[in-house]
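What follows is subunit A paired twice: with subunit B in the first complex and subunit C in the second.
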Partner chain A sequence: MAEWSGYLFLILKGAVTTVELTVLGCMLAFVMAFLGGLGRLSRHFILRAIATTYIEFFRGTSIFVQLFWAFFVLPLIGIPLSPFLAGTLALGLNIGAYGAEVVRGSILSVPREQNEACTALNFSSWQKMRYIIMPQAFILMLPTFGNNAIELLKGTAVVSLISIADMTFQPQVVRSQTGNTTMPFLTILVLYFLISLVISTSVRGLERRLSQGLDVTKA
Partner chain B sequence: MGGSDQPIIKIDKVSKSFGSLNVLNELSFDVEPGEKLALIGPSGSGKTTILRILMTLETIDSGHILVDGEELWHIPGNGGLVPANEKHLHHMREKIGMVFQLFNLFPHMTVLRNVTAAPMLTQNVPKEQAEKRAMALLDMVGLADKADAKPAQLSGGQKQRVAIARALALQPKIMLFDEVTSALDPELVEEVLNVMRRLAEETDMTMLLVTHEMQFARDFADRVLFFDAGRIVEQGPPKEIFSNPQEERTRTFLKKVIAAGHAI
Partner chain C sequence: MEWDWNFVWDIMPQLIDGVIITIKAALMGSIVAMIIGLVWAILKRSQNKIVSKLTGYFVEFIRGTPLLVQLYFLFYILPDLGLLLSPLVAGVIGLGIHYSAYTAEVYRSGIDNISKGQWEAAKACNFSPRQTWSHIIIPQAVPPIIPVLANYFIAIFKETPLLSAITVLELMNQARSVANYSYRYLEPMTMVGAFFLIISVPSVILLRRLERRYSRRA
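What follows is the complex of A and B.
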């Protein structure tokens, strides 16, 4: 039993790595989602082209390939990344590309009349976006953002391929050392589920708080 | 600029099409400072389009519009006039406010914030002063007790009164009202009309009103313009237009409106 608690500790250490990857990946994805989504809605052709290329490229190629590029190919062109950084980058850029489409769609689904009210009240386009459109669009983004964050959590498992000792990596160590298969994999099954539960619960809580007293369609 | 001897709005041969649909055809009319103008006419005759053009929500294809002595859609350039840029439009919008048929309140903001947002953001009015002015306006429209409510908690009539207070908070010289009661339940119409009556009596704002409320137009307006197919068919003091219309089309329209249950 003492021995098992040692192995459990190993798995929990992997869990910490997974959570760190998830949090940092989500932060990058969040930023990229807004850059990409706003870029696609930009008046400037160049920004639209860059954003569209980013989104299509990262949605159209596999997260595995992106990870291998970040870790194995970038060093060849003089950009060596630590495994952790490569993992964060690949995950954040990949999920950010999906998030960008969510940002774009949500902004577009705020009724046109809200834009017109802003013009009538003489808001600048920045003020309109910042104070009127984005707060309403953000609430619409949240449910899909929650799903994307859980996708990213599940995606973190691929980083064990570049030898990061995450939550998927560690049970395999335990298994090879103890020969016990069920316990370590059952443990991470439960842990993954718990982490995703934390994500979905907090996103839903945030959504509820932000949409309090709100009735977007009847405003 | 803006002398009282010149019209506050001068619409000069303005044309506007949506695709192949010609909505306004070389339309011209003037509005005097402080005048209360009612625009009536069948649906699709271009009344909303005129207000939207004045609010810079639609562009014009040709013609000129002067507001308070300044070109609305043009600025000097290239030795003549060129299309206005955003900076000029921003300057011109200071003079004009608009109230919409469907209120268009900001659903994520309280009533008070709906009214203070624009003065604070676009005129740099300090928060305290903006709130004081907003509370006075909410009081004027009878909604001071709703300052902390969200729009979703209000009735249609209350929403529209907030929308009026919101537009007034920017202290425009000209107010545009586009069928502001037509989305309301009948029993809520009067509370909104009362606010507008007060505005007409207590301020010297220029007001342009598109409406199907003929009784109200008759009391409220200094002048009525009857539109059909993007042209002014007939205009004059309400008494003349409603009691003694000269044009066949005006008569037909008024008959239809009465048949539809709008008393005159």
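What follows is the complex of A and C.
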């Protein structure tokens, strides 16, 4: 038990990697979600086609396969990626595809009268999006975005398989050095759960702050 | 690196072996998830506050931790406790328990949609809790949510490659072993992606049909 503190340090170092991956992945996913979601709602056929292909491709195969493909196949066709970059890309693009559907659904669920009112007030389409539709749609997106962020956090466990020393990787190091299995694995289970609690409570807080003063009907 | 069709045909039998295991794991995992999910949903509605609270926390915990870690947990720790599971069985249990946390929510939404009158009628007819569930609530709650449950079958199917981490010889693992002795990654990895699309795209189409059928009835 005495040497446990040393191993705990190892696991916490892995936890930092996991958090980094989660944050970077979430940022990429956030951007991709809006690009994909707005692309699917575009008037131009080509944009719609590109967005639909992106979404269906990344939702149709698993994160695991995408990660391995990015890590093993892309270098062969001349795009070498560091494991960390491959992980961030695969996670961000994968969760972004799920987020894109959320963006699309939320924008479509803003009542039609809002659109008509914008036309009546002669708003440009940018003004309509920025001041009328998005503030209302964004609040609808938040809870699902929170769930997606947790999915991304859980997805980061997979990167341990392409040799990134994240929080799932470290217990196996500990295990091979000490033969101690139960403690390290229990520790990371609890740590993962704590991180997901942080995500879900902060998203809920954000939701409460943003919906202040807005006349949003809560389900 | 050039794409080599001859090599693809050479490795095909091995990949097909993997596909069969993948489908088997996904099917069995789904069945476990469907059954345990229903158990969670029923326990969560229990009159006993402790039981329902504990179930809630447990389900929350499963949802908040990665499947891969849960698989490692089952595969490495249960043997220490004297329960030796074959990799495939551990994988199926892992998939099933992880996704039961999700299906439990689906069942809950189905059960919440049953009107209060049904519960009261069951009570008025002096049904035991068991009879109420099996004759009144479940037969009404489950059919409308079948399409949503089927969605989770596809999700489970896509997660099966994770089982390769606990040495199940499914599609991904077969592809990796092929890649490891031939030093060719392009074809095996791409074929894995292709197989997943080949199976998941028709399942999605089937699912849409299922959705239309059950929504018409409602």
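The working rule: the second predicted complex is superposed on the first by the 214 of 219 C-alpha atoms of A that agree within 3 Å, B and C clash if a C-alpha of one lies under 4 Å from a C-alpha of the other, contacts with A are read in each partner's own complex, and residues count from 1 in each chain.
Convention: contacts are C-beta pairs under 8 Å (C-beta built on N, C-alpha and C of every residue); 3 or more make two chains touch, one makes a residue touch a chain.
Values in this document were obtained by computation on a predicted structure and should not be read as measured data.
A.B. asks: Under the superposition described at the top, does placing subunit B and subunit C together on subunit A give a clash or a fit?
C.D. replies: Here subunit B and subunit C can both sit on subunit A without a clash.
A.B. asks: Residues of subunit A touched: more by subunit B or subunit C?
C.D. replies: C
A.B. asks: By the touch definition at the top of the document, which applies to A:Ala157: first (subunit B), second (subunit C), both, or neither?
C.D. replies: second
A.B. asks: Once chain A of both complexes is superposed, is A:Gln136 in touch with subunit B (first), subunit C (second), both, or neither?
C.D. replies: Only subunit B; A:Gln136 stays clear of subunit C.
A.B. asks: Scan A:Gln127 for contacts with subunit B and subunit C and give back first, second, both or neither.
C.D. replies: In the superposition, A:Gln127 contacts subunit B only.
A.B. asks: Should A:Trp4 be classified as contacting the first partner (subunit B), the second (subunit C), both, or neither?
C.D. replies: In the superposition, A:Trp4 touches no partner, neither subunit B nor subunit C.
A.B. asks: By the touch definition at the top of the document, which applies to A:Ala117: first (subunit B), second (subunit C), both, or neither?
C.D. replies: first
A.B. asks: With subunit A's C-alpha centre as vertex, what's the angle to subunit B and subunit C, nearest 10 degrees?
C.D. replies: Once the two structures are overlaid, it is 110 degrees.
A.B. asks: Look at A:Phe193 in the shared chain and tell me whether it touches subunit B only, subunit C only, both, or neither; answer first, second, both or neither.
C.D. replies: After superposition on chain A, A:Phe193 lies in contact with subunit C alone.
A.B. asks: Give, as a whole number of angstrom, the minimum Cα separation of subunit B and subunit C in the superposed three-chain arrangement.
C.D. replies: 25
A.B. asks: Show me the subunit A residues, by the header's touch rule, that subunit B contacts in one structure and subunit C contacts in the other.
C.D. replies: None.
A.B. asks: Under the stated contact criterion, what part of subunit A meets subunit C in this complex?
C.D. replies: For subunit A paired with subunit C, touching residues are 60-62, 64-66, 68-69, 72-73, 76-77, 150, 153-158, 160-161, 168, 171-172, 175, 181-182, 185-186, 188-189, 192-193, 196-197, 200.
A.B. asks: With touch defined as at the start, can you tell me which subunit B residues reach subunit A in the complex?
C.D. replies: On the subunit B side, the touching residues are 55-57, 90, 93-94, 96-98, 100, 102-108, 117-118, 121-122, 150-153, 159, 166-167, 170.
A.B. asks: Looking at the complex, which residues from subunit A come into contact with subunit B?
C.D. replies: Those residues of subunit A that touch subunit B are 113-114, 116-117, 119-124, 127, 131-132, 135-136, 139, 213-216, 218-219.
A.B. asks: Please output the residues of subunit C touching subunit A within their complex, sorted ascending.
C.D. replies: Subunit C reaches subunit A through residues 1, 61, 63-70, 72-73, 76-77, 80, 158-162, 165, 172, 179, 185-186, 189-190, 192-193, 196-197, 200-201, 204.
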